[in-house]
Amino acid sequence: MLQVETRTTLGALQLDVALDVAPGRCLALAGPSGAGKTSVLRTVAGLLRPEHGRVVCDGETWLDTDRRIDVPAEERRAGYVFQAYALFPHLTARANVAYALDHLPRRDRGKHADALLERFGVAHLCDERPRTLSGGERQRVALARALARRPRVLLLDEPLSALDTRTRASAARELGTVIAEAGAPTLLVTHDFTEAALLGHEVGVIDGGRVVQRGTAAELAATPASAFVADFTGAVVLTGTARPGPDGTTLVDLDGGGTLTSVERAEGLVAVSVYPWEIALAPAGKPDPGSARNHLAVEVLAVTAIGNRVRVGLAAPQPLTAELTAASARALELAPGARVTATFKAAATRLLVR
Amino acid sequence: MLQVETRTTLGALQLDVALDVAPGRCLALAGPSGAGKTSVLRTVAGLLRPEHGRVVCDGETWLDTDRRIDVPAEERRAGYVFQAYALFPHLTARANVAYALDHLPRRDRGKHADALLERFGVAHLCDERPRTLSGGERQRVALARALARRPRVLLLDEPLSALDTRTRASAARELGTVIAEAGAPTLLVTHDFTEAALLGHEVGVIDGGRVVQRGTAAELAATPASAFVADFTGAVVLTGTARPGPDGTTLVDLDGGGTLTSVERAEGLVAVSVYPWEIALAPAGKPDPGSARNHLAVEVLAVTAIGNRVRVGLAAPQPLTAELTAASARALELAPGARVTATFKAAATRLLVR
Amino acid sequence: GEDRGQSATSTRQDAASTERPTLTVSAATSLKRAFETYGERFGQAKARFSFAGSDELAAQIRQGLTPDVFASANTTLPDELNKAGLVEQPRTFAGNRLVLAVPKDADTPIERLDDLAKPGTTIAIGAETVPVGAYTRKVLDRLPRAQRAAILKNVRSEEPDVGGVVGKLTQGAVDAGFVYTTDVAAAGAGLREIRLPDALQPDVAYGVAVVKGAKEPEAARAFVEGLIAGAGQTALRDAGFLPPPAGG
Amino acid sequence: MSAVATARTAARRTWFPAALTVALTVVLLFLLLPVVAIFADTGPGDLISSLGDPAAREALKLSALCSLTAIAIILVVGTPAAYLLATRRFTGRAAAITAIELPLVLPPAVAGIGLLASLGPNGILGGLAGDRLVLHTAGVVVALTFVAAPFHLRQAQAAFEALDPAWLDASRTLGASPARTFARIAIPAARGGLAAGLALAWGRALGEFGATLMFAGSFRGITQTAPLAIYERFGTEFDVALALGAVLVALSGALLLSVKLLGRAPG
Amino acid sequence: MSAVATARTAARRTWFPAALTVALTVVLLFLLLPVVAIFADTGPGDLISSLGDPAAREALKLSALCSLTAIAIILVVGTPAAYLLATRRFTGRAAAITAIELPLVLPPAVAGIGLLASLGPNGILGGLAGDRLVLHTAGVVVALTFVAAPFHLRQAQAAFEALDPAWLDASRTLGASPARTFARIAIPAARGGLAAGLALAWGRALGEFGATLMFAGSFRGITQTAPLAIYERFGTEFDVALALGAVLVALSGALLLSVKLLGRAPG
C-alpha cells in the first residue's frame, strides 16, 4: 500500500495531490504537460521535498513534513523509470544495472545484472553503451535497472513516449506483465489517455496540480467530470449556452450557431460532450426518422479510414468528429466538402457547466 | 508539383527515397525513429545535400547533383515547421514571424506579422517570448512563421508530437485546414499512424531509409506489404512457420505453440497479421459454431474499456489483442486470468513471409 | 635591420624637421628618478623612457628593437651588445654603491655584515646573471671563505632584478638584502641601509651606448654627453649616484 | 532506531554536502584573501595619491584604451572564428583548438619574445609590420590581443556549440543568408556566453604585463599600461604600486560582475 | 540567369563562408606565429645545451613537480567546489563565480604581493603559515594553485552544468548516496570537460612567472621554476633561455592535445 499526500508550490503551479495505490495495482496519472505528474513521482522517490506532505509505503513512513521525517532517496527503494530513461552514458547496459546492486558482493553483481537483462530479452546487448541502443532497448535496460533492487514501489514516467509506434505496442504489452509481476504499488505517468487506459487499473486525470477525476478508464469515458476530462478521453466537446427546453429537457445554443437538446439539466455557459461513435450521419436535408433529437447541418472536412471504421471530421461550424463503419461511409459517398446532417440522441450528450 | 529523389549515406543509414506530391495534396511520411523521415525534409529544404539527388518544385530545379545545381536554402521558399518548432528564443512571437518578412519594407513587417498571428488566433501573444508560450501556442506561431513567405512547399516535422492530447486533437483539425488552404505540396513527418491517416491524403511508410509502402491509410491497413507495416497500422502480428494445409489452405505453426489456418499461400517463416476487431472471443472449451476456422486457447491479460468498445489483451502464448463491444465483453465476464478461446476467420489473416 | 632602420630614420627626420624630435631611451629601472629629472631638462629632444631590467632591455635590442639610447646598470651588457654590433662604443656614466638593506622594523636586528652569517637569517640577493647579483658575489668573494659559506647558506632567493630584492625586503619576506644605495633612498621609509666596508665595496659602473640604427643619432649622442658631464650627471648625483669609478 | 544509530546515520547522510560546502568555502577564501589583503594594505590615502600621480592616471587611461581596442579586435575577428570552430566539423579541428590554447601556457616574457621574433623588426614578418608595432601603442594592442584572445575564443566556441542547430536551420529556411543568420540569430542567442568570454578576455588584457613589456616596452603615456606602471613602482614607490593594483582589481571586478548580470538579463 | 548575374549571386553566396575561413586563418596564424618563431629562433644545438644545463633541468623538474602538486590540489578541492556551484542554486552564486574569476585579472606580480600580504610573514594570516611558504617550494605550489585554479573551476562548473540532472536523480533512486553519485556518475560523465579544465590550468601553472617570483622568490632547485630560469638567462644566455621556452611550450602543447584526445575517447 502506497499513500501519498503533497501540498506545495512549484513555480507557477500549486501542487495539491492525495492518492493511494494498493500493492500489485497500477494507478495511471494522465494529464497535460505541466500538470504536475512528474512532480508527484519525484515526491514519492524523495527527489522533490514538498512544503507539506506525507509518503507512506507498506506502513513505513518515507516522508512526513509535520514529523520532520524525510528518508533520503537512496534509502527509499523506489524503482523509478525516468522520462528519457536516464541511462548512465558512460556505463554499459550491464554496468548500468549492476550499479543498482551495490548491496551484493562485487563478484555477484555482473551475474545478477545479466540475469535481469536476460529477463527483458536484451542480454545480448549487455556490453553496449546507451548511445548505441534503440529506444525500445533503452526502455528494457531502464526497466531491468529499476527492478534490480526489488523496489517497494514502481514509478514510471512516460515509459512509452520515447518509443515509436512500432515498438510501443509490444513494449506496452510487456510493461503490463512487468507491473503485474512486480507486485508493488505502481504509479505510471502519461499524457496519453489510451496509454493510461491500457496500462493502468485505474486512471487519475491530473490538471493544474490537482487530481480532477479518478476511476477506471471506462468510468472516466462514460461520465467525465469536466469538459477537460471529456476532451481528454476522446469525446467531442461543443461549447454553448443552456436554457430550459420543453418537458424537462435542456436546449443548448451552440457558439457559432446551431441548437442541441440534452436530457441533462443545466443553465448558462456549458460544454456539451458526445462520443464520436454516438454520432450518425445522414444525407443533408433528410435526417433518418428516429428517436434521435439532435440534427446538425455539417460540412465534411476529412474522411479517414482506419481498419473497418471511418473517422469523419466535420465543421458544425464547431469542429466535431463522427465514427462510422466503413460500409455506411461508402453508402453515404462521404467526401471533403460534402454537406450532411449529424444526428445523435439527446441522451448521448453530457452537459458540463463551464 | 514537388518531385524528390535522394540517394545518400547518413551514418549507418542508406537513404534512398523517390516521391512526388501534387499541389494541395499532403503526403504523410510515417516510420520509426531513425528511418530517415527528417532527412527527406532537410533535403527538400536544402539543409542536407545528398550524394545523389534531384528536387524539383513547380518545374523549378532546386537540386540536381548531376547538373551541379544546388539552390541555397534561403532561396528555396520552403515553409518548414521543425520538430520542436525552433522558435528563436530571443525574439518575441511577432519578431519571430517578422524575421521571415525581410523582403517587405521594414515598417510593413510588424503589421503583416500581426495579421498572420491573428489568423492563427495568437495575436494577443505577439509580444511574448517562446519560453513563456505553451506547446500549442508555439505550434501556431511556428506555422504562422513558416507560412509568412507564401512557401512553394510545406514541410511539417512531427508538428503534433510536442503537444499533449488535450491540445493535439484541436491542433490536428486546424492543421488540416491550413494544409488545405496553403495549396502547396505538403510533406508531413510523423511516427504515429493515426496522425498520418488523419492529416495525410496519402501515407508513405518509410523504414530504414526506404519507402516500404505508399497509399491511402485504408489501403495500408487493408493490405500491408510487410509485417512492419501491419504492426505499424495497428494489426496484431503473430510469427510462425507455414506449411501447406488441406484444400489449398496454409497451416501456420505459431512460435510458442498453437496452429492457424490461412487462405493465403506461403511457406517457411511467416508473420500472420490480423486486426483486433476481426478477433471474437468465446468461453473456453465451447467455440461458437461458425465459419471461423481459427480457434486459439488464450489467457486474458488485461481488459480495457474505451467508450463503448473494449480492448482485451491476450496471451496466446504470443501476445494478441481483441476488440469487442462493451456488451459482449460483459456477457463473457472477461477478467484478467480468465481462459477463453480466440476465434477468427482464415480469410481475416494475412501471411507475410519473413 | 640596419638599412631598414636607416630608411625609417630618413622618414622620421622629415617629420622631425617640423617639430621637436622624440628620443627613446631604454634604461635600467634603478635609473628611473635620475633620468626622469634629466629628461625634463634635456633640451635637444623630447625624451621617452622605458624602464625595465637591464637584461630584458638587452634582450629586446637583440631581437632588433632600436631605441636610441641603452643605459644599463652594468657595463657588461653594453659591451656584449657592442661586440654583437648592435650598439656603438659604450661609455660608463655613473657609479653606485652596493649596500646591505634591512627593513626598518625588523625583529631580528642586523647591524653589520657579520650578522648575515647568523644561522636563521634570511637573505635575498640578485641572481648572478643580473648586475646587482654579480656585484654582490664580488663582495662575498672578498670575505673569508667560512663567513662567505655561512652567508650563502642563508640566501633564500636570487632575484632576477633589484626590484625583486627590494620587494622581498619591504614585505618582510627576508631579513636583509644587497641593493644599491639609490634603491634604499627610493624605497623611502621602509628600508634602512648598512654601508659596506670600503675594502669590500665593488666598483658599480653604469654603461650607456647609442644604439646602431637609432632614429635620432645626434640627439642620442648629445643625451649621452649630458649624462657624462652635464644636466644628466647632476641629476644622477642628486639621486645619490656616484661618479663613474676610475677605470670602471 | 537507537539515538546513537540515528546520530550515526544522520552523520553518514550529511558529511558529503558539508564536504562540498567546505571545499567551496576554502576555494573562495583562498582566492579572495590575497585580493582583500591588497586592499587592506593600501590606505585610502595611497589610493588617492596613486590616482593623483599623473603617470598612474595616464597608465590607467592607456590600459583602458588598449584593452578596449584589443577586445574590439578579438570580438570582430575572434567571434566568427569561434563560430566556424563551433558549427563546422573539419580535420585538424582538435589541433586548431589546441593552437588557440597554446598562448595560455607561454610564460609572458617568452610570449613577448615570440611576438618580437615574429612581428619585430627582425621578425619573420618583420618587413610586414616594420617598426610600427614595437615600442608603439599599437604594439601594446597586439600583445594584449595575443594573450587575451584565447579566453574569448574558447568561451565563444562553447556558447555557439550550445545553440540549438535547428535555430540556424530555421533561419535559413526563412530566407536568411548564413551571414544574416550569424548576425541576427547566433550572436544574440549566444549573447550571455559571448559576454562572459569578453569579460574574461578583458580582465586578462587589463592584467597583462610580461608580454607587453617585452614587445612594446614601457614608455610612459605610449606603452606603459597600468600593470607596467605598477611594476615600475615596485622598487621605488611600493605603496603607490599596491594602491594602483587595488584600483585595477576593483575596476576589473566590477567589470566582470556587471557584464555577467548584463549577459543574464533577457536582451 | 546571365553569366554576370550568376557570378554575382555566386559571390553573394560564398563571401560569408570565405570570411569565416579567413577569420579563423588569421586567428590561427596570429596565435601560432610567435610560438613558431620561438622554435625558429632556437637551433637544435641550443635545445641540447639548454637541457644540458643542470640548472635548467632542475628548473624543469621543479616546474613539473610543483605544477603537478598544484593540479592535484586543484583537482581534489576545486572539483567538488565546482560541483556545488553547478548543481545548487544559492544567493551570492554569481558573486562567488566572479570571485573565482578575479585572480585571472590580477597582474601576476600584484597577485604575488597579494599572496605575500595575506600568507607572508607579515600577512593577515602570517602567523598561520609562518615562514613555511615564502621562499619555499610550498610557496611555489601556493602561487601556482592561485593563478591556475580559476581555469579548472570555471571549466569544471560548465562541464557539470552540462550533465543531465536526471542521471544524478537516477543514481539516487538506485541506492547511491550523493557522494557515490558524485564519484561514480558525475565525474566520469563529465570526464571530457574536467580533463580540458585541468589541461588549461596545468598549462597556465607551467607558464606562471610573476606571482611565483614575488611570493616564493627564485632559488635554484627550491623555488626556481622553468619560467624563472628562462627569465634569469635573458641577460646572459639569451639563446638557452629561448630554447628552454621552446621546450616548455612543446611539453605543454603536447600535454593539451593528448588530454583533449584522451578526454574524447570513450572511457
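First chain written, first letter: the chains are A, B, C, D and E, and each begins at residue 1.
One rule holds in what follows: contacts are C-beta pairs under 8 Å (C-beta built on N, C-alpha and C of every residue); 3 or more make two chains touch, one makes a residue touch a chain.
None of the values given here were measured: they were computed from a predicted structure.
Shared contact partners of chain B and chain D do not exist in this assembly. Centroid distances built from C-alpha atoms place C farthest away from chain A. Centre-to-centre spacing of chain C and chain E amounts to 35 Å, using the average Cα coordinate of each chain.
If each chain is reduced to the centroid of its CA atoms, chain B and chain C end up 85 Å from each other.
Chain C and chain D, compared by their mean Cα positions, are separated by 34 Å.
One inter-chain figure worth recording: chain B and chain E are separated by 52 Å, centre to centre, where each centre is the mean of the chain's CA atoms. With touch defined as above, residues shared between interfaces to two or more other chains in chain A number as follows: 72. Multi-chain contact residues of chain C (touching two or more other chains) are listed as 56, 59, 167.
Annotation for chain E: residues touching 2 or more other chains are 13, 113, 117, 177, 231, 234. Contacting chain pairs (ordered by label): A-B, A-E, B-D, C-D, C-E, D-E.
Those residues of chain D that touch chain E in the complex are listed here as 12-13, 15-17, 19-21, 23-24, 26-28, 30-38, 40-41, 77-78, 80-81, 83-85, 94-111, 113-115, 117-119, 123-125, 145-146, 149-151, 153, 158, 177-179, 182, 199-200, 203-204, 206-210, 226-227, 230-231, 234, 242, 245, 248-249, 252-253, 256-257, 260-261, 264. By the touch criterion given at the top, residues 109, 113, 116-117, 120-123, 126-127, 130-131, 134-135, 213-214, 217-220, 222-224, 231-232, 234-238 of chain D touch chain C in their complex.
Considering their complex, residues 31-34, 134-135, 164-167, 169-170, 173, 176-177, 180, 191-194, 197-198, 216-218, 221, 228, 231-234, 275, 277, 301-302, 304-309, 311, 313, 319, 326, 336 of chain B touch chain A. Listed in rising order, the residues of chain E touching chain A in the complex are 164, 166-167, 169-177, 180, 184-185, 188-189, 191, 266-267. Chain C contributes residues 53-56, 58-59, 62, 77, 122, 124, 127, 129-130, 155-160, 164, 167-168, 171-174 to its touches with chain E in the complex.
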